[in-house]
Structures are given as structure tokens and as C-alpha cells.
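Right, I'll just put the structure down here and ask away after.
Labels run A, B and C following the written order; every chain starts at residue 1.
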């Protein structure tokens, strides 16, 4: 029971973090057709910027400033890099962001070193929020949930209630039409790319001190964010939200299951001694998103809630 | 043969065929035969062998990216699985299990080919039903799955230590014990030649041509009676086979395979090799494999930031020369043969010098930063210059070279737009 | 009575609420040259897409030489002897003209997927490719990249690719669209020789071409065939005149 409750709580907070990351990528991918390989690199930049800023001032300033900086870098990347590559097609764009991910990781290694930096949870939030079954749940994780929900509401408001949001929404489903309506499509692209990166940066600020802030954090997170976007479906923020939670829960609950295949499939004669029998469910946790990805792409290519196929 | 002359005049002449098809292979063979005569060093052999393996690997990757238009993020899976099978076969030969005792080590790449093709046939079945971004994503997912599975099945993958073997067993072929590195050279050279020849021949087969047609226009291919999924699937299997062949070469060369060989890193590296070399040309990936292997083994001795240079090179190619090194080289020769040779040469040299200046600027920036970041107090001193991160000279040089580079490239571009 | 090559029975196609093809029934005899005309948006291209397998019919059946083909994948329909061209040139622009045609020829000879033989070594493939190029007047342009062909030649190549596979039922979708008068004349001649002895179904706007080529004409209006008869009788058909009124210059040309 204890593991279940904690699995659920951690799953939700992790899932919401994933949504912060994937909402930006979904926006970018749906509108521009660019599967931004470097999206998780902006997440990493968010964590590192937060480390620097909170070191010299405070976490609260970093919480605001770091995403803005990351967003500006993202907008610059779109303006001076991606836009140049755009005429060569989506594969070229994908490759550009692939190279960018490489580059950002190397620059981070040079500037911050190859090992992890000491980016900590702020003292103000470093206490146990509540206790269940004798174990405590950290307040910071609760804070993550609150910020993520605030972001969710903010994003929802932006998209549904503002004029800019309506244009973005129209561009999500009919990217070609928006240009005909007389809107400045390159500007919209740059803005959306910037906002998407800023959201990734925010996720980095929030997650860098829960997990580890090191140069490998982008490559660890990157593929999972892809999974969320593809599983959720193109052009569907709702789908990305559901997929984020599903994957967050799936991974965190699987970690808590201390049973092997032999325990589960023993009835069909799977032995504890065989290699398959020894595989532990908890050790499968990192693989589950990719299993989900492959299955979804084969059986439901439009994703959980997407309207069109990839 | 009078009745055939009518259509034969549509095909290239015998002289053209010799110059374009036979001659390059004769030159390649001559180079491969001549190399050992120069009495190369051990380091040379080590790097050359890695190049041979990567040439085959990168070409096999280009069968799917360049020729079939499928972007894969998991091609190392087939290299790795083929290589693993070959390492295991190495053990079976050593222990003379069944008929294995009568198979020479020299033929292990064939086992690798088989392993890679089998993996391609299994994994390709669901994934090649789709093309484009979906295919790219499936390849990524599958690569992560296989990599994770590699740590669960120790009997085949050997955990973190991997599986190792000993190549000096079994029957010796051509009097090669494969012990000394100079003997391994003949093994690598032979299989590299076979691999290049085989993959080049593939482009001349109906299926090879059809895969290009499917890449360009999958819909039309359907209406002249072909199943694009079947085309992609078959090409994928063969590409997996050649990746496995490269894996088999690596198995003999290194006598060890670890799960890292299947990971996203080598998959990304082969993508970069092929793309930097130029995916629209058959020889492109060969150029890319040679240059990048050289960079990997040599540059990594000179600078810790070699991956940064690699990333910058890759992005530069994607942005400014999407046809890769081969595109630059062939474009240069085409330009020389063109009408406005003088103007072309001027523009070309201007951009070359501009590029060099920018490169110098980048090197100064990166090298100074690396040393400052390490904090050992080491200082970058090229050509006797003392480039401290705090000295104005450093930043002056950086700004001057970068500025000059950007200016010259812009000038060259303006000229190009002016003439065309 | 001669054998039926292609038969459409109660064929329907809807996209959402829009009914594009409405209960079309049509039999086309072997060796017939059948033209389908109709105002823009009548569903001519949709009809072709249904027959050739690009779309699956909402209901009804398509039979080719007595075999049901509706809902079959395009390449399987092609294997059963039906081949189509496209309204917008749909060729392999990165290949030479000869290679374009060869792709189709290889399929006819069952060697399309071969990976063990040299593409240039099979004499039969080369001979047939040459024949097709010759028939379509493209021999002297065989070595050109398809993308460099002038427009009229691209259209000719489109037809060459379509007939290269040796299908006996040929569907041509507006083969002369966008051509000048003299080019059109050449194209009609080409179509005549290229489809010699085959069943031809052609969608066309140029009435000169239609009345020149066709044995029988069907008039499609709003997804429905309102008349199907010889050119002579179509000319005099009142319903056809009415449907065309205010659309293009057909009435004058007919009269």
C-alpha cells in the first residue's frame, strides 16, 4: 500500500514534469512538423541556468529568469538556424536539431564540467509536506505539482482565451491556412518555438534539483519526451497530458513492483532460474515507455488522441 | 548482335562503363594493395581498420537513409547483433562445436551479415510498414528496447563486460593466422572491398533502383505494380545484413563486443558519418567514414572538445552543404569544368578562406574555454602565442578571425547570388 | 457479345456527408475506347481513384475481367492488368527517362524486386524498354533526367510509364491537359498507338480529343452517369446539353 501511494504521488509529479516538457514539443511538432531532437537539451539548459542564477541570487529569481533565457535562446535557434534549414525539408530539420543536441551537451560540459553540479532544492521548500504510512512526501514535489498545474491553466488560458492562442490553435490543425489569412507565419513559428523551449527550461528548473543536474540529463530525458508526444498524438495537448501521466505512473509504479517474471508467469512453468524468469518488473521500468511507443506506432499511428497520422 | 544495337545505344558506352564503374574499383584495390608496402605503423593500422569497418557500416546506413529515404536512429542495432553473433561464432570455432571447427575465422563477417539480416528481417517487419517520421521514431524506440534488453540477457550479451573471443583459432585461410595486426589488415581490406562492391552492385539491381523510386514517389510506385512496404522491407534487411558484415569485421578486429555497440551513440555516429560525407552520392559515406574515424582517433588526442567540433561540423554541413563533403568535392570539379571558371574559383576560394577564418575563431574560443573550464591553470599556446582567457589578445584574435570569416563568406554568397 | 473488361456496379463513394460518386453502374468491353466526360467536380478523378485502388468504395463493386478488385491495394490491381496515369505528371524526377520506363517494364517481367542481378544485363528488359520509348517518341530523350523534360514530353512519359507494365486496361486521366494544339494532336496519335489492342478509359476535357478517340462516351454529372452512348448519340442527347449549359464550350462544339 505504501509503495502504491508513493508510486502514485511520484508518478503524478513526474508525469506533470513530463507534460511541461512535452507540451512545448507538441506545439512545435504539430505546427512546424519539426520533431525537435534538442528539446530535452533546453530542459538541461534550464536546470543549469537555474543552478547559476540561484547560486548568485535566489531560486525564486531563477524560477522566473531561467525559462525566459532558455526561451530567448530557443527563439534565436529558430530564427538563425532552423529557418535556414527549413527549405530542405523535415529530415534536414530533424538532423539540425539532432546536431544541436550534440552541440549543447558539449558546450555544457565545457562551461559546467563533466560531472554533476550541486543544484539543490531551496531551503524554504526543503521539508516534508506530509507523512503517509510512516514515510514523508517532500514539499518540493508538491510544489512541482502546483507549478505544473499553474502552467497547465496558464497554457489553457493562452490557447483558448487569447487571440494569439486562437491563431496558434488554427495553425496546429491547418498550418497552411494561417499564412493565407495574412498572419506572419515565421513570427508565429519563432514565438511558439521560443515558448516551447521556455516550458522545457521551466521543467529543467523544477526537475534539476529533484534528479541530477549533469550533462547526461538531456540524453536521458529526450527519448522519453518523444514517446510522450508520439503516444499522445500529433496536435493534441490533451493527448500529451494523458500520455505524460500514463508514462509517469507506469514508470513509477513499475519501479515499486519487486516481482520477477517467474513470480508472475510461474504458472506456465517459467522458472526462477531461467534468464527470462529472473527479469524483475522494476528493472523493466526504463524500457516501458519505448515498448509503449513501438506498440502505439504499429497499432495506432495517430496516437491516443491525435487526429492525423504521423 | 545486330538486333540489339538499337537499345544498346541508349545505355552508356563500354568506355564510359569502364571509367565510371570498373576503374574506381581497380584504383581502390591498388590502394589497398599498396598500403602495406609503405611499412605503416601500428597506430596507422589501428585507425585504418576502424576506417574499414566504418566505411562498410556507413555505406550500409546510406542504403536506407540515402537510397530508400528512411531516417533511422537505431542502425547500430544491426551492426551490434551481427557482431555479437560473430563473436559467439568465434567461440564456437574455438571449441569446435559441431561443424564450426571447419569454418575459418576469415569468414566470420558472413556470419555477421546473416545475423544483421536476420535482425533486420525481424525488426523491419513492423517498422518498415511506415516511412518518414514514424519510421524514425520506431527505430529510436526499438534501439532503446534492444539496448535495455541487452543488459537483461547476459548469456548472449555478457552484461557490461560483453563477450570476448580469440581470433587465432580454427583453419587458417590464405596463410593468415590473423594474429599480427598486419595480417588482420588483409582481412579488413578484403571485406571492406567486398562490402563496397556488394553495396555498389546493389544500386545497380532492380531492387536498388526501385528503392530510389520508392523514396522519391511511393505513390507512383504502387500504381506501376510494386508494394512500397515490400521494397522498404527488403532493402532494410539487406542494409541490416551489411551492417552486420561490418559488425563481423569489428568482432574479428577487436575480439570483443559489449552492449554499448548497440546503443544510441554509435547509431548517431553512423548517421553523422553518412550525412557529413554526403548521402546523395554513393561514395559520400566513404568520405564521411574516413574523415570522422580520423577525427575520432586523432583529434581526440589533441583536444578534449573534439565532440564539439564534430557537432559543429555536422550542423555546418546540415545548414550550408546538405550534399555533404562529396557534394563539395564534386561541386568543385563541376564548377571548374563550367563556363565561368574564373568567377567560380574566386567565389569558392573566398568562401574557403572565410570558412577557415571562422574555424580558427571557433578553435580559439573552444580551446581557451576548455582550459579555463578545467581550472588546472593550463594555457592555450598555439604557435608560441600565449592565449589566456583574461588576455585581450585572445578575444581580439577571436573577434578578428570570426569577423573576417563571416565577412568573406557573406561576400562569396553575394557574388554567387549576383552571378546566377 | 464481347467480353467485359471492367465492370462497375452500384458504385458509391462518400467523404463524410458529401456523396461524390452516386450509384455508378458501367460496363466496359474488352478493346473498347471509353471516354468519361463531365463538368469540373463531377467526380471523374474520384471514379479513377476508386477503380485504381487509391480509394476504397463506400459500397458497390468493381470487377476486372470478372474478378472483384474494389478495396484491393493499388499494386495488386496493377498485377491484375489495370494501369493508370495521373492528371498531374507523376514521374520519377530524379531518374532518367529510360529508367522511369524500365521500372514499369521490370514489374511486367516479374523482376522488380530482384537484388541478385544487374539491371542492365537482361536483354528482354532492355528491348521492351526500347519498344515503349519508341512507341511514345522518347527514344532520343532516353538519357535525360525526367525533371528536365519539356511539359509535353513529361506527359508522354507519364503514358509510357503507365503502359510499360503491359497492363491491358489503361486509365488515362486528362492526358492532354495544358497542351498546345499541335502537342495535343501528337498526343492523340501517341495514345492511339500506345494503347493499340488494349481497353482504354480516358478522362478528358478536350472534346476534339474525345470525339476523335472514343468508341463510347459516358457523361458524369454530380457523381452520376446521365448518359453512356456512342459519340454520335451523345451529341444529340438533350440531357447532356442541359448539363453542359453554362459550362465550357461543349454545346457549340457538339453542335
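Operating definition for what follows: a residue touches a chain if its C-beta (ideal position, glycine included) is under 8 Å from a C-beta of that chain, and two chains touch if they have at least 3 such contacts.
This one's a predicted model, so the numbers in the text were calculated from it and none came from an experiment.
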If every chain is a node and every touching pair an edge, decide which shape results: line, ring, star, complete or other.
-> line
So which chain ends up closest to the centre of the protein, judged by Cα positions averaged per chain?
-> B
Compute the distance, rounded to whole Å, between the mean C-alpha positions of chain B and chain C.
-> 44
Distance between the centres, which are taken as Cα means, of chain B and chain A, whole angstrom | 32
Can you give the whole-Å distance between the Cα centres of chain A and chain C?
-> 50
Chain B: which residues touch two or more other chains?
-> none
Any chance you could list the residues of chain C touching two or more other chains?
-> none
Which positions in chain A touch two or more other chains at once?
-> none
Which of the residues in chain C come into contact with chain B in the complex?
-> 52-53, 73-75, 78-79, 83-84, 86, 90-95, 98-99, 102-104, 106-108, 111-120, 123, 126-127, 129-130, 133, 139, 142-143, 161-162, 164-165
Complex contacts: residues of chain B adjacent to chain A | 71, 126, 129-130, 132-134, 136-138, 140-142, 144-145, 148-149, 152-155, 264, 268, 271-272, 275, 305, 307-308, 310-312, 314-315, 318-319, 322, 366, 369-370, 373
For the chain B and chain C complex, residues of the former touching the latter = 4, 6-8, 10-11, 201-202, 204-210, 212-213, 216-217, 219-227, 230-231, 234, 238
Taking the complex as given, what residues does chain A use to touch chain B?
-> 35, 81, 84-85, 88, 90-92, 94-96, 98-100, 102-103, 105-107, 110-113, 219, 223, 226-227, 230, 275, 279, 283, 286-287, 290-291, 293-294, 297-298, 301, 309-310
